[in-house]
Amino acid sequence: MVAQNIAFGVLAAATSLAAIRVVTTRNVVHAALYLVVVLASVGALYILLTAEFVAAVQILVYVGAIVVLLLFGVMLTKATLGEDDQLDNDQRWLGAVIALFLLGTLSFVLVDAFGDDKLPSLEGVSRATLEAQRGSGAVGDAIFSTFLVPFEVVSVLLLAALVGAIVLARRD
Amino acid sequence: MDVLSGPVAGVFRAPDVDYHAFAPELVLVAVLVAVLVVDLVLEGRGRRLVGGLAGIGLLAAMVPVLTLAVDGANRSMVGGAYVVDDFALVFKGLFLIAGYVTMLLSSDYLADDDYYEGEYYFLLLSSVLGMMVMASSRDLISIFVALELLSIPAYMLAGWRKRDLKGNEATLKYYLLGVFATGVMLYGMSLIFGITGETVLTEIGSKLQGPGASLPLVSLGIVFVIVGFAFKISAVPFHSWAPDTYEGAPTPITAFLSVASKAGGFVALMQLVFIGFLGRDDVWQPMFWVLAALTMTVGNLIALRQTNIVRMLAYSSVAQAGYMLLPFAVAGDLAKGPGAAMGPMTTYLLIYAAMNLGAFALVLAVARKTRSGEIASYGGLFEYAPGLTVLMSIFVFALAGIPPLGGWYGKLVVFKTLLDANTPWAIVLGVIAAVNSVIALYYYASVAREMWMRPVPDGDTTPVRVPAGLTAALSLCAVATVVIGVYPQVVARFGDLAVFSLLP
Amino acid sequence: MSVDYSWYLFLGAALFTIGAYGLLIRRNPLVMFMCIELMLNAVNLTFVTFSRMLNDIGGQVVVFFVLVVAAAEVVVGLGILVSILRRRPSATVDDISALKG
């Protein structure tokens, strides 16, 4: 349990610091690399939450595909490499005020609802039970039974995104 | 972990699939794949064929909608997450017809300016498919996925005029705001899931009647979800993408966004509010009150100042969304229960679809000659295109709500809902709406004045050539607008049908 | 002592806020896409936390769908961006002022 708390503390700190760097750094490539830190830490948090399938997909899709796509975007759009003062607009203080207000509201309602609840303990739960309830197999079963319709819809969505993006991005 | 050799995760039970209930969607999927393949094989030589195939496909998908309607049974699948009832069927019919009219508007527009055609039809069909799924989705995840399927092709279609810088930037704005709204909506959904532990709306509905439903967390979740959809229906203050996108997108897509995409947002809102969040009308009712009042007023006041017809119609459609939000704002106070607010909203949406599609079809027809979107270019339209002038007058006066054209009946049922609620807040809202209807009359009438009374700006009075597809779309919308105005029972019947059978 | 799950929820709220803040102040569309990814990750973290707390697999399945949709969104966003940059080489989003609040 102590090990879990320490791991959570380290990962949470890494996540939030890297996330803040994503929105404050003046360098587009650095922002993408900080995003990798955020995504990987969130993936590790999923393992702490016993969601191994989601953790694996997080690394494969987010870190492996989406960030690479964004870096390709940096290349294709010839964005300025290195320092760029043009990255922010003039609303930094207004934005900060709104963000703090939002964070305050969210923290208030979350603490109000769940303040002193604990995560259900997993002591005494056998590995087999855990896997049956929360493993990749259980996720697969849920996707192909309860969530069959969204699954099929998402496949059409990916096809549409693929075709449309090629038309928009190609030279003609 | 090796799924195949690992411990068996419970026994997998394949869900029962009712193929009749899924038939409209399945036909549409088959057609959109066919469109893609035919376009690929013909390499752009069979443009007419691809367009025709897509149009026939939309009409073919109408057949199972009708057989399901005749059958009449409510079909609920995968634990209530996907429901085919009269509500869903009415809107599926609307989406298919709106998609077909968009198709009619598009064919000559695309050919004239040499845009990509096969992919355009493919994306349009995908977006219609998303709307069809939305009409039946009764759980948070299906609603989210359907929303994305209807929006993502729409983002790309809005940017189809790749050579137009203004259009490109409008698309980027539409995309960024849309994706941001999705994020906000999803966060709201996650909070609601956390409190109720459910994703199916009926379950959420019963959980939110019970203890724990009054937590501020629930209120915040509901607010976030509604804000997410307020972008989709372009309610003020979340409307800023609409005028720019409407102006920058190809005009047929503008018509599609202002009617079908907006209706998709309303369908989702009705499902969420009247099934899922029914017990928390203390949260959504004031919120919709403010949204409706702002949307009507701001939309109309800015529409007054527009000199471009597309921007004027954009702000007018923002204002129209305000009228459609009115029943939400009083739903909790109705004597017959909140469900009584659904009929008027559906009725208004159906009528609005006919008249707004018609107005945009006419803008397309006139722009073929004048190549301009300025209201001033409509000067003296009566001298060289009397038919089009009469049609445009029908559409703008219908939008203004003048009897005996379609729009008046929509306004009537909406105002009647406000009177039924009979609370001070409802009356105040009714007064705001009435004042707005008068303001709106001014800018609608100014278009008519331009057409009937002003001289032709450049003296060019060669007649406007209207291609067959456009003529068909115009006649369809005009007939619908006039018939609904004279025999409102037709549309009122659909409004009565489109009420959930699941209301507690 | 066990980990309070409100810590996870709070981390999710912080990520969401940081993403929203970035979207408000950034002008480069690519960085704005990254901010949207931050927001979606906050959503996912919240869903997985609730999934663990309620012992409901649904929360994990949502993450799968959000991931897929996020990938599609980024592809489309880049497509739009590239089509703009073919016309005009500099890319900031000055005209997007609607996100102010």
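A, B and C are the chain letters, set down in written order, and residue numbers restart from 1 in every chain.
In this text, contacts are C-beta pairs under 8 Å (C-beta built on N, C-alpha and C of every residue); 3 or more make two chains touch, one makes a residue touch a chain.
These numbers come from a predicted model, not from an experiment.
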If you walk touching chains, what's the least steps from subunit B to subunit C?
1
More Cb-Cb contact pairs, comparing A-B against A-C, go to A-C
If you average the CA atoms of subunit B and of subunit C, how many Å lie between those two points?
26
Go ahead and note the Å separation of the Cα centroids belonging to subunit A and subunit B.
31
Separation of the C-alpha centres, subunit A versus subunit C, in whole Å, is 7
Multi-chain touching residues of subunit B, meaning two or more other chains, are 141, 144-145, 148, 152, 156, 159, 162, 194
Shared interface positions of subunit A, touching two or more other chains
106, 110, 114, 133, 138, 146-147, 150, 154, 157, 161, 164-165, 167-168
Give the residues of subunit C touching no fewer than two other chains, as numbers and ranges.
9, 16, 19-20, 49, 53, 58, 61, 65, 69, 72-73, 76, 79-81, 83, 86
Subunit C residues touching subunit A - in the complex, by the definition given at the top:
1-11, 13-22, 24-28, 30-31, 33-35, 37-38, 41, 44-45, 48-49, 51-53, 55, 57-58, 60-61, 63-65, 67-76, 78-83, 85-86, 89, 91-92, 94, 100-101
List the residues on subunit A that touch subunit C in their complex, please.
1-2, 4-5, 8, 12, 15-16, 19-20, 22-23, 28, 31-32, 35, 38-39, 42, 45-46, 48-51, 53-54, 57-58, 61-62, 65-66, 69-70, 72-74, 76-79, 84, 86-89, 91-92, 94-96, 98-99, 102-103, 106-107, 110-111, 114-121, 133-134, 138-139, 142-143, 146-147, 150, 154, 157-158, 161-162, 164-169, 171
Per the contact definition, I'd like the list of subunit A residues that touch subunit B in the complex.
52, 105-106, 108-110, 112-114, 128, 131-133, 135-138, 140-141, 144-150, 153-154, 156-157, 159-161, 163-165, 167-168, 172
Along subunit C, where are the residues that touch subunit B in the complex?
9, 12, 16, 19-20, 23, 29, 32, 36, 39-40, 42-43, 46-47, 49-50, 53-54, 56, 58-59, 61-62, 65-66, 69, 72-73, 76-77, 79-81, 83-84, 86-88, 93, 95-99
Which bits of subunit B are touching subunit A when the two form their complex?
1, 3, 6-10, 12-15, 17, 29, 32, 36, 77-79, 81-82, 116, 119, 122-123, 126, 129-130, 133, 137, 141-142, 144-146, 148-149, 152-153, 156-157, 159, 162, 194-195, 215-217, 219-220
